[in-house]
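So, here come the structures, one by one.
The following pair of complexes shares a single chain, chain A, combined with chain B in the former and chain C in the latter.
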Partner chain A sequence: MKLFTALAFLISSLSLVFLSFFNYKIPSLLVWFTLALVGAVFVFYISHKNLISYALKRFIGVVALLFVISSLVFVMLRALPGGPFDEDRALPPEVEKNIRDKYSLDAPLYQQYWMYIKKLVQGDMGASFKYLEQDVSDILGDTMPVSVQLGLYALILSYLLGIPLGLLSAVKHNTLWDRLAMITAISGIALPSFLVAPLAILFFGFYLGWFEVALWEGPAYYVLPVLVLGTRPASVIARLTRSSVLEVLSSDYVRTAKAKGLHPFVILYKHVLKNSFLPVLTFSGPLIAGLLTGSFIIEQIFAIPGMGKHLILSVTNRDYPLVLGATLVYCLILVLANLIVDLLYSYFDPRIRLS
Partner chain B sequence: MIQKTLWYESWERLKENKTALICGAFILLNLFVAGFAEWLAPYPFDEQNTDLLFAPPSFEHWLGTDDSGRDVFSRLIYGTRISLVLGILSSFLSLILGVLYGSLSGWLGGRTDAVMMRILDILYSIPILILIILVKLIFESIVDVKDPELRAFIGLLVALSIAGWMNLGRVVRGQVLQLKTTLYVESARALGAGHFEILSKHIFPNMMGPIIVLLTMQMPINILSESFISFLGLGLQPPYSSWGILANEGWRTLSLYPHLMIAPGVALFLACLAFNLLGDGLRDALDPSSHQ
Partner chain C sequence: MSYTSGSMFRVLLTNMYYAVKMKFLLAFLIALVGCEKKINPLDELPKDKTFRIAVLTEPPSLDWNKATDTTSSLVIDNIMEGLVSYDFSQKGKVLYKPALAQSVKYKNKGQTWVFTLREDVYWTDGVPFTAQHVVDGWERLLNPKTASAYAYFLYAIKNAREYNSGDIKDFSKVGVKMTSNQSIEVELTSPRIFFPFLLTHTSAYPIRKDIIEKHGVKWTEPENIVTLGAYTLNQWEHDKLLVLKKNLSYYGDFPGNAENVSVRIIPEVSTTLNLFNIGKLDFLDNIPSKQLSALKKRPEYFEFPSATIQYYGINTTRPPLDNPKLRKALVMAIDKTQIEKVFKGKMKASNSWIPEGIFGHNPNIGLSFNPEKARKLLDEIGGVDSLPTMTITFNPDEDNKRMAENIQAQWRDNLSLNVEVRNEEWKIYLSNLQNIRNITDNPEQGKIFIYRMGWVPDYPDPDTYMNLMTSYSDNNYSGWGNERFDKLIESAVSVDNGSTRQELYDQAQRILLEEGAPVIPLALSTQIFLKSPRVKKYLYNTMSKRIFKEVVLQ
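Entry: the complex of A and B
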């Protein structure tokens, strides 16, 4: 119970912070933040006194991390040569001066930094330099749902494929099945998406004509990109599962369970699966963040309007606010995913305490 | 009785693993192709033949020609050179960084260790492609080299090394933390050995196995990263050639000339597969107790 209350609290308060990035105009970030914190601390104090310090620590850690990341990326961005308004065709000097004034690009760097942080704390990620008249939060808010959807399907696919595959090859260790499964998995890791994607498009899209090969408008459009995006994580998960299941299978308690005459399925289900899930869990944090924030290459190849594009193009466009916004969103998702992973750790292995 | 060293025993185990041997041979072949590209390639990588645009595969041009009439097979051979050199060199640089950072962190321990690991956590939280592109662009601009392609090459090399370094650092730290508590390190310390002596004489030799495996596993990752960056058009520019650049060029005409994209993809796939399988074989050979 404790775990789930903690989970609910942390996720809800972090998603409040998260949401406020996308409609910052009404409630400012700080208000949400304080409200969530005060409310949660109160609820916690009544229910689980020992978890308060853990939750607080995590919360402060997250805020500190976001601050450090945004500062670091800010500095790195400004170290780049070139600016956001270096077009092929030079702007008239007056126009350029006006634009630079509007975004105070000529102010000293520390002032620009201070202004950015001040706005960020209020939940305002600023306006894009490239897509003029659009706020970063709007751009990300428009494109992120697509990426999250694609990533979520790919994530589910990779667990559904990876875990059974790893399990199969561990149970049938050193047989033909094991070899086949592992060759599939290692090929999946080595396959670059820009080889799988064209092959899938040519075969399933053009030759068989089963699925759509571009855009993102319905289940027929989802199949190919999800398959291509899920290949690699599924393979990694299969390999992780295999090695950890093999380890668990050779443990004493499994031998005892076998000696008791338990049915192999019961052993697998009750003793092996849960205990061998930890490595997959560790891998899941970064995986979730990577998948949900979109893959530029897949989005490019399948013409999907996701946010992976902004993650990359914003850097080449020197669209400073958009880079920072996309990075922060990635960070938040990563932090959230890692948090869930940490909490799930103590579910899968009760010896691990939250601290 | 002849005493067999650990390395010799590992080599004997590796010799029995046919898959790993074949993969090793394939990698050597790749390296050979990369090293002698000038002799092996039938045409220079940038020789254009405007009479032969998008020629289909033929006896003169094994993989046909591209949009400027350049021989794709020759470009693939030259591409092997840039892809492999960038991937392998950056893995070694990653390794040096990772070993220095990880062993320092693990050896010093305590608060220093905690701070150093926090720094790694922070770097981990930057999307990897953004990190690579940022570092590449920054280094490209600060390196004092005239030739723009060489600048891009150095920028990419540094960026790939920095992107791959964190994982290695973390693993090395774990190894050092573990080896630090062994009896032989304790006795060395009791005998008055200095920090440097213990690290170089007692800890590093015992880490070599995992490090070699990690290094082998890092190479396909860096080769893939390079090709992704080049595929996005952010790496070296044509007429230079790497597998990613070729894939990018092929991508534009995929529905008409799919072989232009599939050929570099297959080369990349085979190389990464070989590195991964060799890495697996090395792990089995160096650490027979592992189940990986």
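Entry: the complex of A and C
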């Protein structure tokens, strides 16, 4: 049963990634199937490990947290000077009053807040103040899939690149390989993406002509932004993996395994890797949230129609509903990712008890 | 999964054995192979008939009663038309020509206007265009429930302001009368010779009330929208791309051959330049300033003057700037040719308030560069040492910063006056500007000494510039007001004799620039383009309108 589930998950998620990468229409059945599978595994895992009450408590905490965050953002936004409809052309008082009435901006703050929360509970995030014909859910619904796509590829890349690199430099500790790998990792962390991106465009796009320089229309377009976005987390993961593998390698049970005569390959992949994954797991929560909700700089430079720009520009525009919507989505993903990470701790290290 | 054996290979084999048994998984895989590829809408457009451009933002609204920004109007102006449109055929000035109206006549010096409409115009759904659609559009624009920002465009019409403020509930009291299915009579509050120009603005275009009622707020989506201009809105992938296609039932001329226009939404100017360089865009009108000197050498580079003025306003409510002598000294200590040098063609020096290319422009009015006289004026009011440290405030932008630093250096060199430069986030900046005027003893008022602003003309008439500085104008942040100036501006709008009107504006400009000096005209922005060689013809104009139907591609 376990094997079957794992295989099904592997096949469906891999096909999701490949289909989206090669620009095929994704059957919604596949998406639901994958999500249901992940959900089922989690429910099973939670009940199997006796984590039901823990997960429930955390879930209530998530709801409370979202409520607190939306309230805080609501108040802070109103405290910012300048209103959503201030433009370089000043408006006559009559016109301004009509606009303020339409969006109830003159109502007492608690009334506006109450209206907002009431609608939010019903799942309505309201209409954007800037994009007059679009609801916040329309805007996020249009842009978020793109950001998720970009973020997902970058995420996969950073694990595929970071973990082997970290392993390599830990196993070949204090050799030239180790130095080379770590120099690569440190430069990946130190170089900002607004520098790496134009350089990558210049070299791979213009000079070599291998990949497209901007836009988001197919595999040739995906490579550069994913590469640039994935480098930094890959470097962090490499460094985390290296130090924790080094630590595990010097532990007693590894010595025992060696004494038992196990093949070094088996020791490394079966006994060391799983136990040294904890720091990377901790880092994964914020990483997933950050990558899936879009990167402003990368999306800007490569003209990718994701939601990163709405996280930033909605504040500049004082588009209150969009700021709130984008923040809530970001927070939701962040707390969910952290919750999953916390639940997974006890899988990777059974000594950890969650309660 | 627990494996007791050390052999990874065997584990793998077992896995595969199970996998083969999972017949339904196989079926699943086969289903995936049959998946369709996504179609890119741009691949379907014939390249030789497609004009490819980019804009910096998603159009905030394609509801022409509500749109206020240039990106939205760029799209709307090509899918819709008004009663009249701009006539750029004459050099040095902009006139209007009939569009949906076949004739425009006025009575009572320009207080009553009669528009006779064409009878051969059809909307894209086949419905014939009538005067009712125009009246519907104006009613909706002025209706307080619409809350349109540009409702004030029609405040010139009798009782329009009262209807918009809700004081009058009955639209029949507003000075708009449908005299027949094809003609409209408009009565204004007072004579205005430039009234038809107001109707070239997107907010005054006719609408289809039935369509808006049927689809609600989503009526601007391509599958719902009904238009009558040269193009139809074929696709709108939000935040990504718009596609316009030639309207086959368009009533007017279609001189060009760009049957499709693709408008990509690309927020970063250097990215648009990259795409232009690899041949994915045919036309750029936003160019990174830093690259200007390199781009100037390219054959694709074109410049065209615009009627957009850049100026510094002075907070005249705040000492020591309440003294006109100091203000004049500041103006005369600026050598505007320096600005031209710094901006390498992106700005054209200007001393006058009404810019070149607009009726009423007079190059002889305005204070010109005269550092000796400026120093003398400064000595008369007690010299540089008596002045507090003043600040030039602007909103964050590369060009604004460059301008402020240049003026700062010029005042230091020419007057030995040290001023500070400061940038403020756009909305904070705007609210500080409004504070100058709104609250007289507000401590926040002190935040602004000298501010940067620009003015894109609403209509190609001197009134749009001069009205800006009347004491009652909402856009006059300087706190300056002059009764004689106000009177001159009010009387000039009803004069249809060219030379008399010129004389009135000359007097008014002298009061503004040579007596009061609450503003420092700095420069006119130049429109800068990169145009691919495959675009054989593109008509530029001073009002920065992008007219796609005239584009000729190779």
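Here is the rule we use: the second predicted complex is superposed on the first by the 302 of 355 C-alpha atoms of A that agree within 3 Å, B and C clash if a C-alpha of one lies under 4 Å from a C-alpha of the other, contacts with A are read in each partner's own complex, and residues count from 1 in each chain.
Following the convention adopted for this analysis, contacts are C-beta pairs under 8 Å (C-beta built on N, C-alpha and C of every residue); 3 or more make two chains touch, one makes a residue touch a chain.
Everything numeric here is computed off the predicted structure, so don't read it as measured data.
**Student:** Look at A:201 in the shared chain and tell me whether it touches chain B only, chain C only, both, or neither; answer first, second, both or neither.
**Tutor:** Touch partners of A:201: chain B and chain C.
**Student:** Who touches more of chain A, chain B or chain C?
**Tutor:** Looking at chain A, the partner in contact with more of its residues is C.
**Student:** Quick check on the superposed pair: does A:246 touch chain B, chain C, both, or neither? Answer first, second, both or neither.
**Tutor:** First partner only.
**Student:** A:80 contacts which: chain B (first), chain C (second), both, neither?
**Tutor:** After superposing on A, A:80 lies in contact with both chain B and chain C.
**Student:** After superposition on the shared chain, which partner residues are touched by A:118: those of chain B (first), chain C (second), both, or neither?
**Tutor:** neither
**Student:** Would you check which partner chain A:286 touches, where first means chain B only, second means chain C only, and both and neither mean what they say?
**Tutor:** A:286 contacts chain B only, not chain C.
**Student:** For A:258 in the superposed arrangement: first (chain B), second (chain C), both or neither?
**Tutor:** In the superposed model, A:258 contacts neither chain B nor chain C.
**Student:** Please indicate which partner A:57 is in contact with in the superposed arrangement: first for chain B, second for chain C, both, or neither.
**Tutor:** neither
**Student:** Examine A:301 and indicate which partner it touches, taking first as chain B and second as chain C; both and neither are also allowed.
**Tutor:** The answer is both, since A:301 touches chain B and chain C.
**Student:** Which partner does A:97 contact after superposing on A: first (chain B), second (chain C), both, neither?
**Tutor:** In the superposed model, A:97 contacts chain C only, not chain B.
**Student:** Residues of chain A that sit at the chain B interface in one complex and at the chain C interface in the other, please.
**Tutor:** The answer is residues 80-81, 198, 201, 206, 300-301, 316 of chain A.
**Student:** Residue numbers of chain A touching chain B in their complex, please.
**Tutor:** Touch list, chain A to chain B: 65, 68-69, 72-73, 76-77, 79-81, 186-187, 189-192, 194-195, 198-199, 201-202, 206, 239, 243, 246-247, 250, 286, 290, 293, 296-297, 300-301, 311-312, 315-316, 323, 326-327, 330-331, 334-335.
**Student:** Using the touch definition from the top, list the residues of chain A that touch chain C in their complex.
**Tutor:** 2-4, 6-8, 11-12, 15, 19, 22-27, 30, 80-83, 85-95, 97-99, 101-103, 127, 130-134, 138-139, 142-143, 198, 201, 205-206, 213-218, 262-263, 265-266, 269, 300-303, 305, 309, 316, 318
**Student:** Which of the residues in chain B come into contact with chain A in the complex?
**Tutor:** So the residues of chain B touching chain A come out as 121-122, 124-130, 133-135, 137-138, 141, 220, 224, 227-228, 231-232, 234, 247, 251, 254-255, 258, 261-262, 265-266, 268-269, 272-273, 275-277, 280, 290-292.
**Student:** Where on chain C does chain A make contact in their complex?
**Tutor:** These residues of chain C touch chain A: 1, 6, 8, 15, 18-19, 22, 25, 28-29, 31-32, 35-38, 40, 58, 60-63, 66-68, 144-149, 151-152, 155, 161, 164-165, 217-218, 220-221, 237-240, 264-268, 270-271, 274-275, 277-278, 280, 425-432, 434, 453-454, 474-475, 477.
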